[in-house]
Amino acid sequence: MCSLRLGKIIFSHMEQRIKESFARQGLMQTFGAELTEVVSGSCEIVCEFKAGLSQQHGFFHGGVITSIADSACGYAALTLMPEGAEVVTVEFKINFLKVANTSRLRVVGKVLQSGRSLTVCEGCVYSEDGTLCAKMTATLMAISP
Amino acid sequence: MCSLRLGKIIFSHMEQRIKESFARQGLMQTFGAELTEVVSGSCEIVCEFKAGLSQQHGFFHGGVITSIADSACGYAALTLMPEGAEVVTVEFKINFLKVANTSRLRVVGKVLQSGRSLTVCEGCVYSEDGTLCAKMTATLMAISP
Amino acid sequence: MCSLRLGKIIFSHMEQRIKESFARQGLMQTFGAELTEVVSGSCEIVCEFKAGLSQQHGFFHGGVITSIADSACGYAALTLMPEGAEVVTVEFKINFLKVANTSRLRVVGKVLQSGRSLTVCEGCVYSEDGTLCAKMTATLMAISP
Amino acid sequence: MCSLRLGKIIFSHMEQRIKESFARQGLMQTFGAELTEVVSGSCEIVCEFKAGLSQQHGFFHGGVITSIADSACGYAALTLMPEGAEVVTVEFKINFLKVANTSRLRVVGKVLQSGRSLTVCEGCVYSEDGTLCAKMTATLMAISP
């Protein structure tokens, strides 16, 4: 019990670090994206549509979908990294499954495999009605600052 | 000669369509990105750094790098598609090779393989000093509107 | 009920076609791989280790893992394609999560998204003790012969 | 000159290690693949067609194409890693550009970016007439045994 409590305190510290880091991502501010959940091994970000986030047909640009999926995967990975580590994206792949014709995107990034230096995450991007619009697989690396 | 001239006229029409399409991409406006070259099978986009495009350490967010590479690959693919076709991104993969600690990104998207329905493009993202920061491979599909 | 029965007959025809197609894959014969399940939207293949399938340290070569995952994803996609269609792999990405230090691999390919011409599948590769060794995301295309 | 000569001696040692490692890859023996060139930052492998390497239509199976590209990228990466390091494949993505209707495949793996722990390589797979059949991007990691 005691160790669980300690775990929670430590995680709450991690959550705080992630919230502060997210707030420093100028791009997420530009998008108006919100970090809505951070738990151990997972992270959720939501983003409302606005004209400045569109592609040529007026839907969410694939780059917006990808950017928030990248951030969600990165922070999901960070939740399982050692205190003080920073996370960088090594690479990712994303498949666009449906046109993101929606007023709001929700991305859930989850850790698939957590290693000493590398973490593999998956990011699922949903439209407002719950349709899976895109799926990302990302490789992230822990770096000591 | 005559057919070359016709080719140029047709291509100039395509270039015009691509410039108009790019201007309708709200995200590229938000970024302040510019379409600097469109030739047959290739497209170049540049983007100046500003705070609203950063990740947590003050460099270009991977999502910005990816977004402009996606647009450059998409328009490169479109240059070789039939008149009237639209292009959608099926999927892409991107490797981040160097931290994009630069005041300006330049992306060149090029067609690697052009098929009837599918086109494969590569996007190279360079920092101001010419360092290759990221490399994308993208699969795009032609759709008839 | 009647249509369900018809569905089963049609699927049983598809299953037969897939088994015959698998038997024609010389590589799967070389590997000694077996097609152990074909259901609508999913396909399972197993493969026993032998020295001829190794990498330099005596474990399964990544190419074997990838080959059976590719076949499993391809046939999973084919189960949802129209009668008479053939399937080709457009591209895939695979992450290797654990060294495949096992005497037997099991791959499950599943359809994530099925479209008119393109299908996206995921392939999970497990070692004998159920550890997830690798994860593939594949894009497949239906072609009319 | 002296240091160049030393470089050559060191590289010749690396070449020897890679040839021995390749010879231990049971899968490459099964394929009958040959390591035809190892130079600093690059590696070439060729493979003749035989029935045991086919997919269902009698051409090279995508898994064979991928396996030899994986080996070529891995050894290309290893040429630039420190003495004594081993290389493991973290992940790769491959696009199949043309049906490999050829009697012989040639793969060239090249280092795109070499870092302390991670290396990014590209693998180009050619048919006998020089057509680019497939293109791989791979991330590899150096490990100390």
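By letter and in written order, the chains are A, B, C and D; residue numbering begins at 1 in each of them.
Everything that follows uses one rule, which is that a residue touches a chain if its C-beta (ideal position, glycine included) is under 8 Å from a C-beta of that chain, and two chains touch if they have at least 3 such contacts.
Because the structure is predicted, anything quoted here is derived from the model rather than measured.
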**Asked** Does C-D or A-C have more contacting C-beta pairs?
**Response** C-D
**Item:** Centroid-based (C-alpha) most distant chain relative to chain D
**Value:** A
**Asked** Cα centroid separation between chain C and chain D, in whole Å?
**Response** 24
**Asked** For chain A and chain D, what's the span in angstrom between their mean Cα positions?
**Response** 34
**Asked** With chain centres defined as C-alpha means, what is the inter-centre distance between chain A and chain C in Å?
**Response** 30
**Message:** For chain B, give me the residues that contact two or more of the other chains.
**Reply:** 90-91, 93, 95, 120, 139
**Prompt:** Mind pulling up the chain B residues that touch chain C in the complex?
**Reply:** 90-91, 93, 117-118, 120, 139, 141
**Message:** With touch defined as at the start, can you tell me which chain C residues reach chain D in the complex?
**Reply:** 21-22, 24-27, 29-30, 50-57, 61-64, 66-68, 70-71, 86, 88-96, 99
**Complete:** In the complex, chain B touches chain D at residues 93, 95, 97-98, 112-113, 120, 132, 135, 137, 139
